[in-house]
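What follows is chain A paired twice: with chain B in the first complex and chain C in the second.
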Partner chain A sequence: MRILGMLVVLWVLVTIVFLLGSVVPSEPARAYAGAGASPQVIAQKRKELGLDQPLAVRYVDYLGRLAQGDLSESVHTHKPVADDIAEALPATLELLFAAVMITVLIGLGVGVATARPRRGTGLLRGALVAGASVPVFTLGLLALFLFYYKLGWFPSGGQVSPGAATVSGPTGFLIVDSLLRGQPEVFFDVLWHLVLPATALALTPALLTARTLRSSLRFSLRQDYARTARAKGLRERDVLWRHALRNSLNAPLTICGLELGGMLAGIAVVETIFAWPGIGLYIDRSIAAGDVPAIAGVTLVTGIVFVFANAIVDLLQLAVDPRLRRLA
Partner chain B sequence: MGGRRRVGKARALAAPVLAALALGVTVAGCGDMSAGAVGSRAAIRVAYQDQIAGGIDPATFYSVEGDSVILSVYQTLLTYKPGTNKLAPSLATSWSVSPDGKTYTFRLRKGVRFQDGTGFESKAVKESFEREIAVKGGPSYMLEEVARILTPSPYKVVIQLKQPVAAFLNFNASMYGPKIVSPKALREHGEGDEAKRWLSEHADGTGPFELVSYRPSGPIVLHRFAGYWGPKARSEAVEITVVPNIGDQMLQLRSGQLNLIAHGVEPQLLPGIEADSAQQVLQFPAVVVPVLLLNPTKPPFDERSVREAFLADSGAAEAAEQVYESTAEPATTVVPPQLMPARLDPLPSPGPPRPAPTSQEITLTYTNIESDLRHLAERMQESLKSHGWNVTLRADSVNTQFGYASNPKAGPEAALSTYNPDAAGPATWLDPIYHTAGGLNLLGFSDKSLDRTLDEAGATVDQKQSLLKYAAAAREAGEQFAVIPIAVKNDVIVAGSNLTGFVHVPTYIWTVDYADLEEK
Partner chain C sequence: MQTDANDPRSVTAAEPATEGASRPVATVRGLHLRLPGGVHALRGVDLEIEAGEIVGLVGESGSGKTMLGLSLLGLAPAGARFEGEAWLAGTEMTAADSEARRLARREHAGAVFQDPMTSLNPTMKIGTQVGEAAASREAVVEALEQVGFPEPERRLGQYPHELSGGLRQRVMIAMAIARRPALVLLDEPTTALDVTLQRTTLKLLRGLRDELGVAMLFITHDLAVAAEIADRVAVLYAGRVAELGVPSAVFRHPSHPYTAGLLASRLALAGGDRDGELATLGGEPPDPRRLPPGCPFEPRCPFSREVCSLGLPALVPSPRHPGLDACVRAAEIAPELEAGAARALALAPPPVSSAPEPAPGVAALELRHVEKTFRSRRHEQRAVSDVSLTVPEGGALALVGESGCGKTTILRIAVALERAGGGAVELGPGGRPQMVFQDAGSSLTPWMTVRQLLDERVRTEGLGAAERSRRIDETLAWVGLSQEVATMRPSRLSGGQRQRVALARAVIVPPALLACDEPTSALDVSLAAVVINLLRRLRRELGVALLFVTHDLAVARAVAEEIAVMSAGRIVERGETDRVLREPQSEETRRLLEAVPSMERTWR
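Entry: the complex of A and B
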């Protein structure tokens, strides 16, 4: 039912994008054919692109092709949108994966570190609130200025350095392919390029996760089972790690799931700032170019990524919380 | 206890893994910083704002970002003398045109090699031209009138046209002009698609650089071609990265990671850059023209006098001066002066400002990706309002602007766009913009008499007579106040002060010849 519901949501989204594209006057055939093209050449290009058909026919044709994985041709890159996305998606997934890892590491670390009242936790809490309220583009620009321009620790952008050897296939994930092809220098180069964009993307969700985990942990540490554990002689650290933490993960995981949506939205900004060649950069350029097939294609793919990511979060929640398993 | 052991084991594993990652990242980082973006200091390091639309197949490439790569790797039969629009030999050493203007004979250069090592002969021209016609990409209209291509000898090619084309020689020297691709590459990578897939990401031409690596999203790496027939490129390599944000490009330039920004720096930033001794600003006359289009297919601009009043009240020249400062000249001719002598087609004056003749709401749109057009539109709106016009602004994509051409009545009343001609010569400016069937005639301007003059000029074999006819057409077009050039922009290039050897051609926009660049 859930998958069916999501399919309906994706269909509605794609339909809205298609109709918006049809309402706005546009003429990709003219852009393809060239400034000096004769009306006959333009008409021929319109025919090739199916633009000479009525709207309803184009819509049915579009959905039919969509069902077969054909997302039409991009006006901007002149290539099949599916090819463009297949090229850009691995880079985005690498960035997203790295950002999620950083979110989990920082969220867990800071959440646990601030759960028990210690000297300085108030200050840290203030920093968490402040950090979580900084917009992602500010973080990105600040990171570039400080860590690239001033300190020179990290590259300013891109996925790989210009002189690095080219790696292609088999997975499309540069970080995986470089290892499979035995090119560790490329692997580390990509990793080095990942640090700033992934951190900029992850920081706000990480701090939100940390705040949520901190609250949950504080609640759990006041529960009877924690008191019993202490009465049995367990050290406070063990009470936290072995008993309270697992019981407190539900809320942060829910936040992580919600924040994934935020990350997907923020990815266009981060990829543009750091010239990361993923679908965020692709959609940024496609929107500017009024490239409806590309916008519809990316809408569909990000929707699918969001559904999958949330499904993984749901499974994780089931794994850590037996109560949910019983309810399920 | 079990839980504690698991945590302990995980920690034991995590520590060396994290240490290795940190070491690797540090090594990668150090490598980059010491070697200047992993390349060598012998490499020219350039940034594009966008990936090359559609790849680097010269038969389909029809954008601006990417022309420097195409022109470094491939060559046309003719070229332009540096800094001018005068034709010069390239792969053809001489050429002649038959009296009827329909047969062009090119004598080809000997001793030229493709980057795959094979020799250049007339069959390469024939195969490349035929491929371009078959592929039907954006530039293929330049060969639309080709009837036959003959190769009477290895170093002579004869091209017969269906009818005279005034701009044919200019087409063969232009940025989008037909490039000569290795027949060997076409044969080996044809794969039933005219080698389109292969050539979109690979290259095999006769230019001073060869393509060694290409990723659509960057980096693109060119190396000096040792077998080049002409003077060897001064730099060993060119590395091109895609950096969408101009602010990031400036940071990279300041840090030395980049040493050339070919376009996109706002005029207001230039004084600050010029004050920095580590950087230099270079301006080259180019043919990049912001144009005001008024929609003559519907009220109120279906009346010439209203169009004239709108232009008079718009303060377009003052707006252009404010927006472009020293990087552009206000337009004074219908055809940019680089394409036709300025004395032949002065831009008519719309007269002094006057009260708006209509209260109708005017929508003035501008291309969304060009911030200069937005600034221009805002200043013009201000001036127009002060004369009683009711103007609203809207940003449109290029694709949307092209859409007006199909149904100009549904288009806006006025639009600002930027045009650059595909080649030198007045035909490449006047035909697409002012002819009823012109590809850039977006708001439906139509004047049958002007169409006839343009058609006649295009078919006139005598160059002088053709020029005079185009000049007459330009004056006629100017008097209509429907498509009005606002300014002629320079190509503004910002570079490290140690970069020398800038060679520029006015119609090759956003491009300098990489072969002449050298880092001192």
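Entry: the complex of A and C
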């Protein structure tokens, strides 16, 4: 059922991307043919691209090519979009993974720390609200200004330091490959480069997650089973970690899943600010070049990432709450 | 303990089993508890619990029963301020720091709360949950065995939702006794269970007490339950002990008007009459923020005189039994109370039923051969098979049976919340039936005021604003709610008020049929009587027909002249209520009757 649902979502996404691609005012044939091409050349190009066919035929054709992994050719790199994305995606996934990790750590840490009334939590909560409402580009620029320009603790951008030994294969993920090839200095270099962009990307979702977790925890700590746990003579710490936490994860997980959408949107901004060679940077350039196939391809891939991530969130929710398993 | 005839706390059970028992496991002295918001929840409570003794704590909701129990466990709500002492086996719980209180709980106390569904952690295996209280895996299995939990070894890995309500409660009890505590607090442990489960649970608890010698503080609003299980009973009112003693004495010869009132508003399985009003305590417990200076019961007391408001009556030896009471006029009013109690306890001959003769032929609801099967991926469950029943126009039918017998499913089918799998459902003229649920709180929209909630329902009638407002005022008065309540939201209302709002909403546009799902089972005796009286008036004055689901035979008898007993999805017996209860034909009816806690039987 769940897999079927995912397929339907993906199909809707594909269709929307296709329709957008065919109704946008920018004329792809003109873009391919180059500026100042004669109308004849453009018409010729239209025929080549099959743009003179009726919409339905083009749709079926599009689906067929998609099934073979063909996302057509990029206008500005003149390479297949699929290849471009395959090259850029690992860097983005690394960034995304790091951001998700930071989100989970901060979300959990701050959420738990503020759940019980202690001195200073009011201040922390104020910081949470303020932090969660700063846009990601402000954060990115602020971080760059402070930690690179003022303090010099972190690099300004890129994935590795210039001149560092390059590693290639087998996975395409620089972090993984550097370890597999026994080059820890590259690994740490990449990690060092990751800190600022990943944090900029993660901060807003992390604080939102923390707030959601905090209110869930506060609710759980008031429930009857928490009282039962206290009556057993458990420490308040154990009441929280053993009893309340697992019962409080549903809402924060949902928020995480939703916030992932925000992260995917923020990636274009963050990769541009930090010159991170991923699909965010790629789409930034594609948009500048009016490169419709590239934009469509990236949209599709991000959509797939989003759908998968939410499927994982669903599975996590099932793992957390045994009652949901019966319904599933 | 030192037995001192003048010490009000030294009243011991008449049974020799507890006589000369060792030190008390819990001692409460002059305990006051003030909560944030000006609530004075406990106002000088004295109570002592001996080792191995079961003390019943009765009273209406808001009387401070639960607060007393939680204070003894050191679990009073945040911001609570204490005066006096509450000792739990050597630790003074009102002054000790949280770590000392925790250790005292861990070593000496256990607790069982009302709703085993919400009191167990839904995401933790039961083996783990009991394990947190037990020393080892063996101890977990042993504790589960002791409470009669079937196949404990195999079920350690199950989650609470995979167990029935009765088994969940057993898990709670196992958890409470796993460490062999000195005292177990039981807060309405059987209220959420049906009568047969209640009976087994009470027996189990007594057995555990005999076997393990554990003392119990048993909180309940059901006097008969207290009479059945407790060695001593304390009646609490407005944060004070009103009467204290051995249940057979206190309930047979109550010397406090409050106890007498509680006894009188109990429902019996025989006697009385269905058309008149049930005796109720009139009014509600005082607002714990604005208590009268004198006897707290004075505003509701039929015997009050000027002396009553002079000061707080002290707990002194009762003129009528070997226990204590806190009524300054106890000696003067003794004869009157005696007569009243005799009336309340008497097994009078069944009344000649004078229920409104239902018009022949016209039915408010008719079910014919209704079937219902619930299917999930793995298994099918037959909930209802071949049920046929009729509620005549203006008539009342009670549907009784154990939990899971299918009675609620029938009700839901009748009001079209559920679709029948087979058979026919026919409603009489008069439109959609209305429904009143057990948990009135959750059926009321939290952000609407009472007036808005009612208005929402009247709006469908196409009346003008003034007319609507008049109707709302009328209905509020009718269910006994003040104008003040109209501006409040459900969260600020008491349980009884919420149930009245639910009722007001169901009847503000009078339906031809009112379907009730256990509307009284979560209420105190006195409130239950109020709701039942309202239902009776509804029938009398508006001719509303009732379909009433309950597991409580006494409630069934109080509202309906006809009864249908269900078991495993079928109707096993049906007929005139008094006849069915007097001469039960089916095994199931006999079992249900057997299980009803009854003072009369307890003392026979």
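Here is the rule we use: the second predicted complex is superposed on the first by the 265 of 328 C-alpha atoms of A that agree within 3 Å, B and C clash if a C-alpha of one lies under 4 Å from a C-alpha of the other, contacts with A are read in each partner's own complex, and residues count from 1 in each chain.
Simple rule for what comes next: a residue touches a chain if its C-beta (ideal position, glycine included) is under 8 Å from a C-beta of that chain, and two chains touch if they have at least 3 such contacts.
Since we're looking at a predicted model, the values are computed, not measured.
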Max touched-residue count on chain A (chain B vs chain C) belongs to chain B
Is A:17 contacted by the first partner chain B, the second partner chain C, both or neither?
-> neither
Between chain B (first) and chain C (second), which, if any, makes contact with A:41: first, second, both or neither?
-> first
Tell me which partner A:323 touches in the superposition: chain B (first), chain C (second), both or neither.
-> second
For A:154, select first, second, both or neither according to whether it touches chain B, chain C, the two together, or no partner.
-> first
After superposition on the shared chain, which partner residues are touched by A:185: those of chain B (first), chain C (second), both, or neither?
-> first
Which partner does A:239 reach: the first (chain B), the second (chain C), both, or neither?
-> neither
May I ask you to decide whether A:247 touches chain B, chain C, both, or neither, giving the answer as first, second, both or neither?
-> second
Footprint overlap on chain A, comparing chain B with chain C | 242
Parts of chain B lying in touch with chain A, wherever the complex brings them together | 3-4, 7, 21, 24-25, 27-29, 31-33, 35, 37-40, 43, 45, 50-51, 53-55, 60, 62, 136-142, 144, 176, 200, 213, 215-219, 221, 239-245, 247-248, 251-252, 254-255, 257, 368-369, 396-400, 402-407, 410-411, 422, 428, 431-432, 437-440
Once bound in the complex, which stretches of chain C touch chain A?
-> 73, 75, 98, 102-107, 109-111, 113, 115, 118-124, 132-133, 159, 161, 172, 175-176, 185, 376
Would you tell me which residues of chain A are touching chain B in their complex?
-> 24-28, 30-39, 41-42, 44-45, 75-79, 87-88, 91, 141, 144-145, 148-149, 152-164, 166, 184-185, 187-189, 191-192, 195, 238, 241-242, 272-273, 275, 277, 281, 284-285, 288-291
Note which residues of chain A are touching chain C in the complex, please.
-> 223-225, 227-236, 242-243, 246-247, 320-323, 326
